[in-house]
Structures are given as C-alpha cells and as structure tokens.
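Below you'll find the structure I mean.
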Amino acid sequence: MKIHEYQAKEVLARYGVSVPRGNVAETPKEARAIAENLGGRVVVKAQVHAGGRGKAGGIRLADTPQQAEEHARALIGSKLYTPQAPQGVPVSKVLIEEAISIAQEYYLGITLDRARQRDVVMVSAMGGMDIEQVADEHPEAIIKVWVDPWQGLMPYQARQALYDAGIAREAVPTAARFLTALYRAYTASDSSLAEINPFVLTPDGQCLAADAKMNIDDNALFRHPEFGEYREESVEDPIEAEAHRRGIQYVRLGGDIGIIGNGAGLVMSTLDEVSRAGGRPANFLDIGGGAKAELVRNALELVLMDPNVKGVLFNVFGGITRGDEVAKGILEGISALEVKVPLVIRLAGTRAEEGLALLQGTGLIPAVTMQEAARKIVEVTR
Amino acid sequence: MAVLIDRNTRVLVQGITGREGEFHTRQMLEYGTQIVAGVTPGKGGQEMLGVPVFDTVRRAIQATDADASVIFVPAPFAADAVLEAVDAGVRLIVCITEGIPVQDMVKTVAVARQTGIRLIGPNCPGMITAGQCKIGILPGNIFTTGPIGLVSRSGTLTYEIVDLLTKAGLGQSTCIGIGGDPVLGSTFVDLLPLFEEDEETQAVVLVGEIGGSDEEIAAEYIRTMRKPVIGFISGRTAPPGKRMGHAGAIISGRTGTPQAKVDALRSAGVPVADALHEIPDLVKQALANRT
Amino acid sequence: MKIHEYQAKEVLARYGVSVPRGNVAETPKEARAIAENLGGRVVVKAQVHAGGRGKAGGIRLADTPQQAEEHARALIGSKLYTPQAPQGVPVSKVLIEEAISIAQEYYLGITLDRARQRDVVMVSAMGGMDIEQVADEHPEAIIKVWVDPWQGLMPYQARQALYDAGIAREAVPTAARFLTALYRAYTASDSSLAEINPFVLTPDGQCLAADAKMNIDDNALFRHPEFGEYREESVEDPIEAEAHRRGIQYVRLGGDIGIIGNGAGLVMSTLDEVSRAGGRPANFLDIGGGAKAELVRNALELVLMDPNVKGVLFNVFGGITRGDEVAKGILEGISALEVKVPLVIRLAGTRAEEGLALLQGTGLIPAVTMQEAARKIVEVTR
Amino acid sequence: MAVLIDRNTRVLVQGITGREGEFHTRQMLEYGTQIVAGVTPGKGGQEMLGVPVFDTVRRAIQATDADASVIFVPAPFAADAVLEAVDAGVRLIVCITEGIPVQDMVKTVAVARQTGIRLIGPNCPGMITAGQCKIGILPGNIFTTGPIGLVSRSGTLTYEIVDLLTKAGLGQSTCIGIGGDPVLGSTFVDLLPLFEEDEETQAVVLVGEIGGSDEEIAAEYIRTMRKPVIGFISGRTAPPGKRMGHAGAIISGRTGTPQAKVDALRSAGVPVADALHEIPDLVKQALANRT
C-alpha cells in the first residue's frame, strides 16, 4: 500500500524521525491557515503517488500565506502530469510545510532485498537525485547495509554507513540517530519501503526528512488499525479502489479485454496469451481458489465497470474444486447480471469437459485451451 | 526417495481443525499421505478424521515421530507456527498460509535457514511426489508418476502445466510449489540441487514469474547441472510497478522484469517456452537430446 | 532496584498485562475514597519490600469503604514483622484493590539465569506458594523456558510452557497472551525479576496478576526516566537511601565497625577479615577507583551516620593511583570532619610505605596488612 | 604466547579520546603494549599519544591490522561498541566499562559467543601477560613474570593478591580479571582451559566471590585439569539478598552462597584459602606437590 508524503511523515514523526513542521490541507483556505500558523516561507506540495512531482509543478514555494492559498487553489482539483504518470494524477490534498534551509542533500532508503532475504539500508551523499540513476552511474556512491531481522539496525552500522557514504562528519551522530529511528519506523509500521530523498542537513546541523516515501506491507495491515484511514487514499484508480473494498485482486491495465482467472500465475499467463493473440487486456483479476457464484458475480461486475471493456475472458483451472462445479458457479454468478458483451469461458483441469458441457446453449463461448480462448475473445471483440 | 518426501514421510498438520486444515487433510489422506498427527492449541486429545490432535508440535512429535509438517494456520499466527515446528525439530515444513506479513517471514526464514530445516512456502500450494505423498493443496488427480520434476512460483499455473505434461504422457517425479511471496523458505536455487541428485528425475520444469531475481540466480546454478531444465516465465506483458495478485509478482524499478529472466535462462542453455502449450514438446526434445 | 507492588502493577499495565483495578493510598481517607470508587469488596495491602506480608497481617479484606479506611489506619505508620524482616518494616503506603474471585492460582516468574546467560521464564500450577519451596519439593512442577534475547519469548514457547505446567487448558490462550505481555514488560522496563504469584485465573476465565514483584536493573535506570520517582522508595534504610543519593555503594550490615575500601571484592574480603578477627562490620562501603578527598569525606560521613559505629577501618589498595596520593586524599577528607571514633588506615600496593609514612603523627592508626588492620580495629573498638 | 595476549598483540582502543581512554592508553603504552589504533566516532584522522584515531573499528582494522580491542566507551554505548568490534572481526575484546545494562550484555554476549570471538568483561580490570602486554587498567608495576596464572572476578582484590604473590617471589604468567557483572563474556570455565594449555603457566589462582555459580561450574572442570588450582572466595560473611557493590555480587535465594563455592572447589581438590595472606603458601605447596 502506497501512502502519501504527509501520511509517511505522520508515521515517521510517531517514531521520533525528524520532519519539517507542517500540515495537510484539502482547501485553499485551510492551506492559508496552516501557512499563517507556521509563519515565514512555506512550501505547498501536491499529495500524489507519482515521482517527478517537482518538475511537474507540484511543489511550490510561497512567501506569504496569501501566496500559499493561491498555490493550493491552483493545485487542488487539478491534474499533475509527471513522466511516471503521463495520463495525469488528480490532486486532492496539499501539504503545507515550513521552508527549510539546506546545507546538504543526502539519500536514505530502506527496503527488502529479496535476494538476501533481509532488509537493506541504503545511504548516499548524492541526495535529491533519482536513486536508480545514481545506482547506474555511481554505484559506489550508494552504501548498503543488510540488517539482521532479529537484531535490527545497530547504531554502529548506521555510523559505518554514514561515514562510508561521505556524509559530513560533524553530522554523523545526529544522522545516525535519524537513521536508526527511520529503521524503527520502517519495521514498527511494517513498511516495505521507506525513502528519504532528499535527507537534508540544515546549516545549523539539524537532520530532516524533506521528502518521505513509504509503502506499507498489505499483509500486515491487520495489525495496524492506525492505517485504516490511509487505505482509502492509497489507490487512485476508482475501479481498483472498489476492488480493494471488495477484497479482490484487480489491476487496471488500459486495454479492452476483461480478464478473470484463478491464481496470479494463471491470470498473468492469460494476459500474455491474449497479448500474443493480438488483444489488449483491460485488467488483471484473480478470484483465487474455488469459484463461488457470489465471487464470480463480484468479479464480473468490477471488470464491467471499465467502460472500455468489449468482452470478457474467464480462465479457470479446476483443481480440487471440480470443473463442473466451477461452471455452475460461473453460470449462477453471470445469470445475476445483465451482461451485454461477449464472454469466453475456458475451463481446464479436473472434470473440465463436464463443466464445458454445462455451458452449451447459454450464449457463453466455451474454450478448451488457453490459446483457443485467447484467439476467440480477440476475434469477438475485434 | 524422490525429492524430500515419499510414501514413508510422516506428516503432521498444524491447524488441522480449521476449515482449510480439515478439508485438505481429508484430501491428503485420500491421496495416500501418511498423516500421523494434527496440532491445534486447545484441541489436544481430540481426533480429526482418525488423526490424533495435540496442543503443541513438540508433543505431537514425541507421540508420533512425525518428520514433516504442513501449516494451515491463519496468517497472523502462521510465522509462530513455523517457528514452533522449527524449534521442535521437524525436518521439512510446508507453509500453505497466504498473507503472512513480510517481516514475519524475514525473521522466520532466517531462523529456519540457520537451523538447516527445510521450509517450503509460504503462500504456496505445497508439494507432491507423484503416487506416493502429497503435502499441501495440489489436486492429486492430475499427477501421474514419471521422470519430470517441477518447481514453480505459481499455483494454478502449475496445475495447468502438470495437466499438459500428464496429457502428453510425461509423468512427474516430484513437484514443488515454492510460493508467491517475496521472501520464501526455499528458492529455485535451494531446490534444483535436490532434483539434480534425485534418481527418479530426468528433467526439470522451472516455472517462474515476474518479480525478484530468483530465476536469474537459478540460471547461474543451472549452468552446472547435468539434467536438462525447461523454463517458463509468466507475466511477460505485466506493466512495471503494478502488483499482480500476490506480493511477489511485481516489477520494481529495474528488477523482476520478465525479459531479464528469459534472457538469463536462455543464456544458461535453458529452453524457455513462450506459451504454455509449448512446454511438453520442449521437455520431450530435452529428453531426446539427452539420450 | 526493588519497586513496590503498586509500582510494578503500574509498569505491567503500561505493557498490557492485566492487573486488578486499584490505587495506592498514603492516608486512611484516601484509602476510603479509592474503595468507594472501586465499589464492592476490596483488599488493603501494605506496600513493603518484604515477603510473607500476608501472614504478618499486611493484607486485609474490607467489605466496606469504612472498613478499608480502618485497615489503612491500622497499617499506615505501623511496622510489619515478617520472617524476612524480623526487625520490622515501616508501612507508609497501602494499595487498595478490588477483591478478585479466584478459580485457580498459578505462578509466573521471569529472571536472569546467570549460568545460561539468558532470561528464564518459569511457570508452575502451584501458585500462591513460596516458589523456592516448590523448587525443592516438586522441581518437576516448575516448567522453565530459556529465551533467546534477540528473539524474545515466542507465543508458541508461552503455550508450550503453560500446557506443560498443567494450566487449565481453556485458559491457555489468554494466559499465553498474559505471559508474552509480561515478558515484554520485563524487557522493556529492564527488569531483573518479574514475578506474578499468585497468577490468578478467575471463574469467568480472566487472567490477572493478583500480586506482582519486580526488580529493575540499576544499570539501566539512565534510559528509564519514568522510574525516577520509584527510586526514592526503593531503599528503606535511611543511610542506604542517603548513600544512593550520593552515588556511593553502601550496605548496612548491623555491626559496629565501619568499613571503607576500594573495590567490591576487596571490601568484601575486609568484612571477612574483620569477622575472622572477632569484629562485627557495620557496613559495606566501596569508594571505587582512586581516592579523591571529596569522596573520602562523603564516605566517612555516611559510615558515621550509623550511631552504632565505634571505629572505622579504611582499606585501600593503591594501584595505578599511588599509595602516597591515596594517603593525602584520606587525610584531606578526614581533616574536614570532626571524627570522634578511632580510625585504622591500611594502605597497600604501589608506594604504600610512603603513604603510611604520611599518616605518622596524625592520630590515625596505620596498618600494613589486612590481617593487621582487622586485628587493630577490633582491639580499639572492643 | 602465554594466554591470549603477548608482545605481538596489536591493540585498538575504543573510546581512546575519553578521559579514561586517554589515561589508560598512556599507561598501557608505558607498559609496552602495542597500541596501534584508537576509535572515537567523529575523531577519525586525529592522533592521540601518537596513536592514529579512526571513526569506525572496521576502518581502524583495515588500516592497522589490530587484532584485539579494549573498550572504554561509556555504559549507554558500550554494548554497541562491543558489537561493532565483533562485527569487524577483532579476535579478542576486553570491555572495561562498568554499569552496562544486563539486557544489553545478554544480547551482546550471545552474539560474541556465536561468532567465537573472545570477550573479556565487562566491568573488569582487563588482563595482563606479565612483562609483555597489558590490556586494561591493572597497575602494571605490581606484576612480575613467573609461572602463576590468575583469573578473578574482582579488581582491587586481584591487585592485592598479585602483590602478595610478587612479594612472595611468585611471578605471574597471565592474569585475567573476568569482571563483576552477572553476565560476562568469559567465565572461569571459558578461561581455565587456556591456562591448562599454556606452557608458561604452572599453577592457577582462581579468585571468586559470592553470587552466581561460576565457581561451582569451574570446580567441575578443574577435576579434569592436570595443573593445580588454588582458590579464594570473598564475601564469606556477606548477608543474602544484599548486593555488595556490583551487580554480580549478590546471594539470591539459595544460589551464590560462599559456602557452596568453597565446598565445590574443595571437593574438586582445590585448596581454598580462608584468608588472603594464606594464598602464596598454598601456591608454593601446590607447586612443590607437583614436582
């Protein structure tokens, strides 16, 4: 789950990580009030889940509360077009923060290193830049520490990394406390990513998270009721948000062929087959194990919310649940909806033929192999 | 004994009295698996499908000499269940549970690896040695005995492939679903050596998908293998940054792209199928080339 | 540092360990108000650092607030004579708690196992009894679990211990949560002992700490400002309390020969030598490394606060600090006080003779060996 | 090489720029110890008494090949300093710092033991190989070379005993103060085997005190030793439940009593001195009995 910068900063502050003073605003008036409260210059920052915000005009400096209000008015309700989101992301909130003086900009990041099966802490003196670019052009400028999950990040590890990365030596003690607090925040909040870029050293020797990016492990949300309110805002696509609410794994892909299947790998393969057959998948949707009528109905409803969808391909492998039962579930689920686009149903595995036989004469288009199903759905939607 | 399990494996089911635990215990018993014990705290002394239930894994092992455990415990408690099994000294642990927090697994996998206890999963369908022993939720009826080993990050996709193999007359030795999470008890490279050494296995099908770099790491090991490996990668049209279903299947930045995986495997001499239905033919060719 | 039951329960509650409702009172009026607030029957419990409180009349049941007030009046300001404290301990506070219904009484304890160098968690179904007696008579009735310090007590370990100890099976899930919370409280508060005896299972299935005993690691107090207020009450002997305030290691022993030395082992050996010579040491006092005049003065002042002291033995080994410098420190320190009892000064180690020479003609009695010093102080105080 | 350290030992001082660190670095240099590096975060690049100072232990070792470290870091940061030295792969760590929280040491000692790195202390005076190398705060001038090994839980008491030995003409091989805390990097039983194997040592004096059961555990090992061990236990008149100075010296319940320790040692054949001044004679008798 992606959370917004202002939310990440709320989480960080809770664990003793220093962040600039500030608050989030949903209206220009609120923005002005916050700026008045802070006093002095402020930055107005669009709260969107897309990188490259600054270059797209999503971060603006305001000398007066009046100016902060104007920036907020310009941003809230507008769309931000960034290289990562060329289609534009709507802005509904802005973060108003005190403008901080910058002596140095560094980079701090913590994420899971899948290959080593432990968290990796990354420190670089090349802050403010795209870290992937740094990794490509100056890999030696990123210092990495792998953390024992039971022991956590030890202060000496933080110091070593900071000295090795070439952080200003007088700032290391403060930065080390910042980094161990950041690691604590990362683990305590079950994050899968915590990135401070830039990590700022001010002229008077303070360390601050000028920007903050955090992703939370969805699997761990059950033990974080405090993130309940963040969840609503974590998904920007309205259909994906609705799928979230229904507990269904749905990803919008932009094409015109709806895809429903059981099992992530099988659904991904289905997308691949449809692409090979010349079609453009509208979505990824995994209904998981079994195929209960209720779930099928829900899934189909979601897929059809996308107005571009011209046809739907069902691809289900009957494993322990037999193919004929799966077919019945699909029929029951579908019969509750008035579907106006063609549906191709591909059933495989245990008792697949019996299942396909049940679909005869229903107006649904049966298929035996994935290849055949992909070809048929591409034909009928062309 | 094929890979890791055979007809002599004595299996313990953690979470046997739950809905999933009970359902799949029945399925495993029907397949012929020796289920010797179940564990559900508070239900010790009861029986489930004729299997004695214990309060703790330690007691179950003391009473029954179980040497493998399969875990159907709900996600919030699953890591603790794995650690209990590790501490009790079970040789093999298969964790079916999905939705376990990544940090729990990072900690748990670290302990399992340190002790040398084999953990399969989590978020996996389990494993099967065809005709002998099934541990997990794979549909036993699609398997048939034969010389093909299979190791996969996927569930239903694996069944699909097994189904294709069986229909093509290619039976299986052992099939292992390693799971779809970012942190796994056993990765491809942990398991390929077991297939390489297994007398029942003549060729191995490796089913990968986007996310992580397990396939790339496996490719390096495959260079040293004598037995042929045939590959398949799903998610070749998946966009970066979008999580496809489970937490493992996501292309983050420049890692986890399907092309890198296909390239790594091919450069290690692995025939990689572009479409599922090509797999049986590639396996047959590999077997033919071998002799 | 020993803390009182009511303080231990405050700490436990902070970490989610269930304790009976209640509050501490310093006056009978307060006791009554608390009892009224709680409603129903209450127990009035004397807050002293001595076991065997119950048998000594320090725990009294009250049916009404009026009765609670009477019990509090009887206890506050009185002395409690327990087998562990036959000289009597003054009571200055009482804990007023709701009376709880008891279905079963168990024992839970956590402490450091020095031999294994890790914490040991102990569970027994034989609650309410003296655990050392249980250990002697039914060692098999105490289940022990040793905890990996980095991993902490895992829920499965708690369950295993509780089942193995024979705790009522239906209570195990609740008791396991209680026990893991207790372990968290123990480590988070840097305790060296946490004992719940009895650990009570109520007829309606609740788990409660009926009594609670906790000791805090003095070395860790720097990271627990929250225990500052507990510190005052942790020492009951007034001279020990004063030594605490001055940061000096002082233990009152009840005899009439004051002992001051440097290094715990050396001071203990000095006590042993004085005892062998037929004397009775009044105290243990370790001034640590070096011998600064200020410290010597402080130490001597403390020792002389004990009215029983008839003479003082100084035993200092000059190591890196030379014996002559030590002698000067002692002379300076002593000269600031009007001492009316005889002082024996024993100096050894580096430049000891030079040091002893400096004491000539000062009225202080010099000694070369510990044996000689012990003999002399016993002689002059007889 | 005597026990653990000799004239070739290359020592690094953690906390070298602190008051204690500087004072004792000077003392150690005067004794002839090879102090090759110091570490104080933020002071890297400076010099202290001619010794180069580094920001981290890893850098100090890379630059100087130090193989032992002595720690004068204040208590709140001392455990981290030990872990830093362990992680950097120092062979021997001597932690002088007193007042370290017990839980910090439980964790730290667990790591040190797992890695096999030798930790002495904390809350100890350090160690000395007479005439060759001193690591810690012991007064070097009271030591003289000879065949007596010494291992002690006490500080000044040890100096007292060494003084007695030296005056009785009994020089020392290596003398180790293991420290006064409840949890120690090395206990008697960890170190006695080193004296047993050491060619320079002919007899060992063991100085114990009330608290814990290290002496009882040591007694079991001493039964198997060829070299004679002479014992002394301080605190024989200390009352139970009263902590005598440092956290280790407390009789809790029925453990840690002096009588149990004296009995255990005597029943293992160890002559135990009732008073300090008896020690040299007991040592001489033991050496005489041996030949």
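The letters A, B, C and D name the chains in turn, as written, and every chain counts its residues from 1.
The definition used in the following text is that a residue touches a chain if its C-beta (ideal position, glycine included) is under 8 Å from a C-beta of that chain, and two chains touch if they have at least 3 such contacts.
Keep in mind it's a predicted model, so treat the numbers as computed, not measured.
Connectivity of the assembly in the absence of subunit A: the other chains, held in place, remain one touching piece.
The chains in contact with subunit B and with subunit C alike are A. A centroid comparison over C-alpha atoms places C as the chain most distant from subunit B. Counted by C-beta pairs in contact, the busier of A-D and C-D is C-D. For the pair subunit B and subunit D, the distance between mean C-alpha positions equals 52 Å. Note on chain placement: the centre of subunit A and the centre of subunit C lie 54 Å apart, centres being C-alpha means. Once the centre of each chain is set as its mean CA position, subunit C and subunit D turn out to be 28 Å apart.
In subunit C, the residues that reach two or more other chains under the touch definition are 148, 150-151.
Contacts with at least two other chains are made by residues 107 of subunit B.
Taken as a contact graph, the chains fit none of the simple arrangements: neither line, ring, star nor complete graph. Interfaces, counted as pairs of touching chains, are A-B, A-C, A-D, B-C, C-D. Against subunit A, the residues of subunit B that register as touching in their complex are 24, 27, 75-76, 99-104, 106-107, 109-110, 113, 137-139, 141-142, 152-160, 163, 180, 182-183, 207, 209-214, 217, 234-239, 242-247, 249, 253-255, 274-277.
Within the complex, the subunit A residues that touch subunit B are 112, 114-115, 117-119, 132, 148-150, 187, 190, 192, 217-220, 222-223, 249, 251, 253, 261-269, 271-273, 275-276, 281, 284, 286, 289, 317-320, 348-350, 369-371.
Residues 148, 150-151 of subunit C are the ones touching subunit A in the complex.
In the complex of the two chains, the subunit A residues touching subunit D come out as 151, 154-157, 159-160, 163, 169-170, 172-173. Touching subunit C in their complex are the following residues of subunit B: 41-42, 44, 55-59, 77, 80-81, 83-84, 87, 107, 111.
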